[in-house]
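Each of the two complexes below includes chain A, the first together with chain B, the second together with chain C.
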Partner chain A sequence: MWYFLLLLIGVAAAQRSSTRESFRETRFQYLVTNQNLHLDKLENDLHKLEEEFEELSHEPDPKFIKQLKARVRNLEGTGCAKGHQVPCGGDVPQCINDLLFCDGHEDCKNGNDEDPKRCSEAPVHVGSSYTGLVTWTSCEQHDEPHNVVVTITSSDRHDYFKSRVWIRGVISYEVDEEHHLINTEPVKGYYNFGKRYLVMIPDKSKYNYGVTCKFNLGDYDHADCTIVIPASLHECGHFRASRY
Partner chain B sequence: RVLEVALRLKSVLKMIKTLIVLLLAVVAVTMAAECDTLTRLKIKSQWRRAYSHGHDREDFAQAIWRAVFAQVPTARKLFDKVHGEDTTHPEFEAHALRVLAGFDIAINLLDQKDALKAELDHLHEQHKERHIPDNYFVAFRTALLHVLPAQLGRCWDKEAWKACYDYISHGISHH
Partner chain C sequence: RPGDAVRIRHQRAADTMKSFFRLLLAAFAVLTASVFGAPDDHDVVLAKLIERANRLTHDIIALEHKIEHRVDPERLEKAGSLEARVEHLEEDTCEEHFYQCGGDDPQCISNLFVCDGHKDCRNGEDETHCDLPTKAGDEFEGDVVYDHCTQRQPEHITIKIKSVEHQPDFTAYPELHVIVHIPFHNEYEEGEASLPADAHYNFANHELHIHPPEDDGLAVIGHFDGHDFDRFVGDIVHELTEETCAQFIFHRKEH
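Take a look at the complex of A and B:
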């Protein structure tokens, strides 16, 4: 009899402890679920915030800022004497001769004349091609702008005189858009690191035009180019060139 | 009749053709440059533009001498007394300008034979005892032929410069 009673108590105790265990487990799960929901809400809020942020205008492309700065710089002028003088750039203004740029000897006080970016040969890499729409202002009679392509076909830089790159190239310009007639003329010239200036004139006198390009738009993929009469540099047409 | 006219036209055309060929031959001969009177005048005016003035002249000289020493580094030794080891040293800059001044005289006298001869003889005397190897003169020529177009841009005549430089350098070195 006692033995039976003891057994009963034992079973009851076991049962009670097992329900308590399961209760604790449920409560634990409840808390976890709760926390997860809480996190979900935070995530949701954050997502909403992100969406709102996305709707705001993006930060401007650094390239765009560069181009903007270049345009302002062009308007400000260099402060250097006309001719061969070129500004070193940097905080303290200084002008030096373009013959001394990129020749391996630091001539600017801040050494900017030997800056790898300034001395980049990117504009005249063989195969570089620049295209644009020419607005003819003289020399050719066209009412509408026509396509033009300038391509660098060879470049040569001498170790003993590094401030210029001697180049050859081809200029092709549309003469008749209806029949797609194109004039192609060989040109030769040089690139001036200091001025970021490219000049090419006809290889032989039987050809008509030369071309000059200023890489003054903040990068080496865009340039301000003109088609010129080689002798006088009289401007025949103008185009905004982009590398392609 | 029509045939006759056509034939005559043909012969006239032929004559024009031979004339053009002859003309071209003459042009070709004059183009194979020689330091003749017209070429000398051309050199004189191109030099005046290149030689420029003030700071630009100093830099022009600087660029030429850097190009010379880059080709023949041993030539620096000849300029020990004027700090040839550093082309930006004031004494060397002064010297570089002096050299160009001599060159300037020679070029400006290109159209006055007797005076030019006197100047070249004078320069020859100055250079004689220094025993300057011929390749230094060649290096100077190469330097000049590269800095000149950089300085002058598109309007310059390489062949003319080669011819007249050789004339002057021969007058100085007698080689």
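Take a look at the complex of A and C:
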């Protein structure tokens, strides 16, 4: 009798606790499901916003901004005397002689003349090749622009005179598209760090043309080049060079 | 036998006790299951939930950063400065002493109407940038670019804004009192001249005019580019001939 009663009470208690337990469990699952649904909705909303954001125009390429700044700078001019004066760059304008650039001694107040970027030998690394379509304005009879390639074949920088790099190279230009005739001439010259200026003239007098390139477009992969008569620097043609 | 009966009763009592203990154990098992067993599952579920919420927060902040990067005031200021340089190269679209409202709807209004508290441009541009960039206590330090005329030929000049006077009925040209510090050294002495001077600011062309502090008639005209107000080009001019004879680039000194 005792035993039976106890058992009954026990079972009842167990059942009650188990119903409460299952109720709690259901409630918990319900809350979790709800929160998950809530998160699903937020994730969906966020995804839509991200898509909307991606549809907006993309950021301009930093290279493009650099080139734009270089173009503005070229238009503004340097404010330096003509000849061999070159602006240091930076916030306070200053001009120094181009022989003082990259010579290992700081001559600009802000030290920009020894800036590693300015003193990069990248433009004259051996094997550097610059190509473009040359528009002949004189010297050659061509109606259409033709390909021209300038390649650096050797470069040399002396420890006692570091503001120039002495180079040799070849200039090849197409003269006849139909027969695919190409003139190739050896040239020699130097690179001027201050002016970011490359000058090359024929190695021997029997050759025709020299070439000058200004790296004034914001990087060392593009330059404004002209093909010149070496004696007078008379312009025969010009091309926008890209490095390959 | 009575002894047997007692033993049986004892046996029964022992059985009851045993089953009672068993029952107790079972109840205990259920209880522990509900208190200690199940929460293991619950913890995992909750942890997943929290992880999802954290990931979502992270993604939202990432998007916020992207948006903030687009409207970063510093980048906008740099873009504005570049635009000002291009505008400087272009021909002026308004006559002298006139202000270009700009935007997609160009319009010229007199400089006198800029920041006078009344909207004169159709796009309201003339009343939107009327915070004085030179507040009392500000200091600007200038480095020489060239100098053909100053008495002391200094490398640096410091301009300190002492006080600003806003006239409530004419807000377009706030008046300022400044002190021009010029360090000097010659063969006899070294020191610093501190010259008080009156000045006014012109909102229309973002210029700070400092009237000559000495009787040599040399005034300083500071040109802000209209976007970067931490830097200005200071031209030193003969006040009578308006001829520039020295130039300093000034930067705001951080305190």
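In this text, the second predicted complex is superposed on the first by the 239 of 244 C-alpha atoms of A that agree within 3 Å, B and C clash if a C-alpha of one lies under 4 Å from a C-alpha of the other, contacts with A are read in each partner's own complex, and residues count from 1 in each chain.
As a working rule, a contact is a pair of C-beta atoms (placed from the backbone, for glycine too) under 8 Å apart; a residue touches a chain by one contact, two chains touch by 3 or more.
Predicted, not measured: the structure shown is a model, and the values here were computed from it.
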Task: First, second, both or neither for A:99, with chain B first and chain C second - done: first
Quiz item: Is A:201 touching the first partner chain B, the second partner chain C, both, or neither of them?
Solution: first
Note to self: Between chain B and chain C, whom does A:154 touch in the aligned arrangement: first, second, both, or neither?
What the structure shows: neither
Would you sort A:44 into first (chain B), second (chain C), both or neither based on which partner it touches?
neither
A:35 in the overlay: touching chain B, chain C, both, or neither? Say first, second, both or neither. second
Exercise for review: Considering only the touch criterion stated at the top, classify A:84 as touching first (chain B), second (chain C), both, or neither.
Suggested key: first
Does chain B (first) or chain C (second) touch A:21, or do both, or does neither? second
One more residue to check, A:137. First (chain B), second (chain C), both or neither? neither
Counting residues of chain A touched by each of chain B and chain C, the higher count belongs to C
Seen from chain B, its contact residues with chain A in the complex are 52, 55-56, 59-60, 62-63, 66-68, 70-71, 87-88, 142-143, 146-147, 149-151, 153-155
The chain C residues in contact with chain A across the complex are 15-16, 19-20, 23, 26-27, 30-31, 34, 38, 42, 45-46, 49, 52-53, 56, 59-60, 63, 66-67, 70, 82, 85-86, 88-89, 143, 145, 231, 249, 251
Listed in rising order, chain A residues that touch chain B in their complex are 81, 83-85, 96-97, 99-100, 103, 105, 107, 158-161, 163-164, 189-190, 192, 199, 201, 210, 230-231
In the complex, the residues of chain A that touch chain C are 2-3, 6-7, 10, 13-14, 17-18, 21, 24-25, 28, 32, 35-36, 39, 42-43, 46, 49-50, 53, 59, 68-69, 72, 75-76, 91-94, 109
